[in-house]
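Just below sit the structures, each encoded as structure tokens.
Each of the next two complexes has subunit A plus one more chain, namely subunit B in the first and subunit C in the second.
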Partner chain A sequence: MSTSTIHDIGYRRYDGPRLGRGYLVRSLYVHNVRAVWGLGRPARAKVMPFLLAAVMVAPAFMDVGAVLLTDRAEVLMRYSAYAIYLQVVVSIFVASQAPVLASRELRFHVVPLYFSRPIAPLPFVLAKFAAMVTALLTMTAVPVVVLYVGGLIAKVPHPLTHLREFLLALVGCALFALVIGALGMAVAVLTPRRGFGVAAVIAVFLLSSAVVLLVQNIAEFRTNFSLAGNAGYFAPFNLVDIVQVRLLGAERTAEAVPDGFISGVLALLLCAALVGGAVAVLYRRFRKAGLS
Partner chain B sequence: MNATIAAMTYRAMLGRRRALLLLALPLLLLVLAVVLRATGGDDLDTSVQVLEKLAVGTILPLLALIAGTGVIGPEIDDGQIMYVLTKPIPRRTVLLTKLAVALSLVLAFAVVPGLLAGLILTGTTANVAPAFGAALLVGACAYTPVFTALAVFSRNAVTIGLLYALIWESLLGNFAPGAGAASVQQWALAVADALTSASQVDATVKLAAAVPLLLAAALGGAALGITRLRSLTITGAE
Partner chain C sequence: MPIIAAQGLTMRFPRVTALDRLDVSVEAGVVGLVGANGAGKSTLIKILLGLLPPTEGRASVLGLDIAREGAAIRERVGFMPEYDCLPPDVSATEFVVHMARMCGLPPPAARERAADVLRHVGLYEERYRPIGGYSTGMKQKVKLAQALVHDPQLVFLDEPTNGLDPAGRDEMLALIRRIGSEFGISVLVTSHLLGELERVCDHVVIIDGGKLLRSQAVESFTAVSGVLTVEVQDGRDALGEHLHAQGVAVRPEGRVLVVDIAGERTYDLIRDGVADLGLHLVRLEQRRHHIEDVFTS
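On to the complex of A and B.
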């Protein structure tokens, strides 16, 4: 005699509109963009990103000021060179903020909570990556816009050339954001311990740039120009510079770049591989964390 | 000194894959030195460049930053430091032990490889290798306490340390000579400058000024770290 029944104790069903997966991914993206800048967090989380952003745009303002005061257009920095001149600041920014996105949830073991909602690891990871790229794009593109607008105010000659260079430099900025963000996030997700992530990311950027510069200097000194050019493939900022020079028609900023259109294509392929590899690393790490 | 705290700190610094990160930096320097030696690019100009820019200018501050903040920063962050601080051990001992561990790591992973790289590159020419070895040693003794104190003071210690080592010392030091006077890197180079006869080594600070400043950085860092750790309170994570 089984009399067990399921009692209807009067909970109401939700039958309002469902916002869907797109909404979930968008919310995660917005949340992560805010997290990079420390918005919605205490003031001490905001200090570093905004300080670094200020350090990043300050030279652009000073440069525009110099152009306006001296009335010499050639003082205006090249748009495509800006991110490379200030690569240390970009590196510190990505080193200090990539662990915020890549390892905080891992450290506090809350990733399974995200995956208890209808979101798959890949969109989750892509939302994080897109947030980092957005933040880096802000870092690299805003000073370039400042330079361009400053140039317009100062009425520098050849406005059409400037417009073309400006737009191509923005493409370069997007590529910088993608490559730097990918490398930073991939290294940060592999070193979740606090402090170590920051150090590991900065070590990758700084040492690759320092060693490549050293090799290029020595190679040029010994007139081995092909080695000097090819060394550029091994540091992220140089890699994007190769694309800028060979595919986007920019002037060279790094010590040396390899010759020919084909080297630009190769550099672009390497950039794509870097981004793809980084997303794969992030995906695998977060999927594993979501299972536990 | 407390052997248990030292052992725990070593385990936290070298456990799992972290030792690889520490090992990768000096290995790169040594590989570069061997390659330069093998291809005959080890003239004095290049060698001094490598030792000055890469060993003293990059690897030393990076390792001092990783080791100096790593011995205490993560523990303060996640609150584990409480388990150490609530034991009847003077906080002075806690900090000095951790400082000693950090210093030994910097010695092992930056100073010794730097000296080796110097020997590979220059041999005994003009005392360049021992001079840079001494510079790395005094640099390590000044950087590490400063960064450890920074880790006790701030959660953003690594980023602040990077801003100091990369932007203040490297970028501003090149443009504004005034910034060079307040730079551990230049003080360390002053020691190297005094010990070698090679004219390529040049520091913006005189030795007579550098030595007291190095001492002040080392002792001041340790003292500030102890003072702050004495009154440390743990707040919520992040």
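On to the complex of A and C.
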């Protein structure tokens, strides 16, 4: 019966438009953004990202509620500190979702199907990275927007200062998204087995932050303040905080940051190196997989 | 114009030479690429897709140079790999639509083509379920659908019948035949099962150890031979002796006798021999060659 159905339809040729590279990369980006949030996939794929997003934004709402109820503007959290206070949530998000983008298609050998089409490895990898950065930017920036809008509703004093701090915090959020996304994707692509990937990414973020905090506490106890500051270069959240403090004029959130404008430039260069290195690692790994 | 042309194509890896000065030219149609495992079939496909630069030599696909126009080739061809290459957590529809967009089809066209092509390969309601729960046969159909969804001029099918049961194998072979005849898409299909290729291909290219062994039309492989197969019920040896006594070259082979044809008279002698001995004739046919003979001779 099924065979007769096939014959009735007949094969139709396609002579419509075939769009160019820009369309392919945009489609791939959208596909990856949907994959991070589990859209178009079974319900269980949506649980983790949406739950973590809710956990991430909840403190912002509670804080705004507190400001409105107590009428005390100083209760409003600093915008630039939010991602650092909630770094555990950000770390778990990147640990659970980076493998979705970085190792799922490697594990199931899907990559050669892309490279046998008119899409090259570099745009392929950049679309994945951009999708991860977008997801992390949503995670970090939405609560900051909630805080700012809440502050406006509560009519906090010095609105122009708040606006400036808010906009600079958004720049900070973008930097968090780039650095955390880069490191998370690079670690996930090197650990293709999902369980290991999740554990490895969590370990990189949380262990590095914990070790740096320990070193900073010991150094400060021994009044070695330059060591305390410089330790910040070795944990991703601290690294971005150095840029926020030294280049964007934010207040310090980490235990210690190194002195001087030049330390901010150095931290920014390290961020750029991390992003560049991660893209290179992703490129090499996916290119190899596409040819195997 | 040949759809595939290669001159002196060589691919050396550090420890193995996968292709060794391969010269081949293939016309449109369904073409079989035959070779033992490790003969260089998959390497040849990767080179023809412009993904792997050859160590030496030149090749073109659909008149496009593999070294300079790889992207243009990949727009016009489809590829079905040998191995499992499907994500388990998305539906066949979602996956094939995505793969259509990855060939530049706008979203409405991608959806329409995906629905069409999934029907053509024989996937109906199940196409909305996640691929993880599919049988091997259904997965092979999804792999074929993603290779056809952008209406290519040529598809590379790498071992499409691997892992299929006899019914699934027949269905896949019939589909391949239809792709070539009804859809008007040229096919390069690899297999190490020669009987399969004999059934669906117009032309067969045989490579062995990276070298070209043969490239010719299937018809010329399967031309009739100069021998007859005779099968009788209970009396094979008696008939054999009878024919031998008449000066006919005859030898037993299992249940049948194989008789060299020496003109019309051979047929008469067999007919008379069967009649004289009062035997029941089951089968009398002229033997055809098989592609397999290339390897056994």
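In the analysis below, the second predicted complex is superposed on the first by the 277 of 292 C-alpha atoms of A that agree within 3 Å, B and C clash if a C-alpha of one lies under 4 Å from a C-alpha of the other, contacts with A are read in each partner's own complex, and residues count from 1 in each chain.
Everything that follows uses one rule, which is that a contact is a pair of C-beta atoms (placed from the backbone, for glycine too) under 8 Å apart; a residue touches a chain by one contact, two chains touch by 3 or more.
Values in this document were obtained by computation on a predicted structure and should not be read as measured data.
In the superposition on chain A, A:Arg104 makes contact with both subunit B and subunit C.
Shared-chain residue A:Val89: touches subunit B; no touch with subunit C.
In the superposed model, A:Phe196 lies in contact with subunit B only, and not with subunit C. In the superposition on chain A, A:Ala45 contacts both subunit B and subunit C. In the superposition on chain A, contact of A:Leu113 is made with subunit C only, not with subunit B. Once the two complexes are laid over each other on the shared chain, residue contacts for A:Arg18 go to subunit C alone; subunit B is not touched. Contacts of A:Met185 after superposition: neither subunit B nor subunit C is touched. When the two structures are aligned on the shared chain, A:Ile218 is found in touch with subunit B, with no touch to subunit C.
Residues common to the contacts of subunit A with subunit B and with subunit C across the two structures: 41, 45, 104, 108. Note for the complex: subunit B touches subunit A at residues 17-18, 21, 24-25, 28, 32, 36, 41, 46, 49-50, 53-54, 58-59, 62, 65-66, 69-70, 73-74, 77-78, 151, 155-159, 162-163, 166-167, 170-171, 237-238. Of all the residues in subunit A, the ones that touch subunit C in their complex are 2, 5-6, 9-14, 16-20, 23-24, 27-28, 31, 40-42, 45, 104-105, 108-110, 112-120, 290-291. For subunit C in complex with subunit A, the touching residues are 46, 49, 51-52, 71-72, 74-75, 77, 79, 81, 83-90, 94, 98-99, 101-106, 109, 113, 116, 119-120, 122, 124, 130, 146, 150-151, 182-184. Per the touch definition, subunit A reaches subunit B in the complex via residues 41, 44-45, 47-48, 51, 55, 88-89, 91-92, 95-96, 104, 108, 190-191, 193-196, 198-200, 202-203, 206-207, 210-211, 214, 217-218, 221-222.
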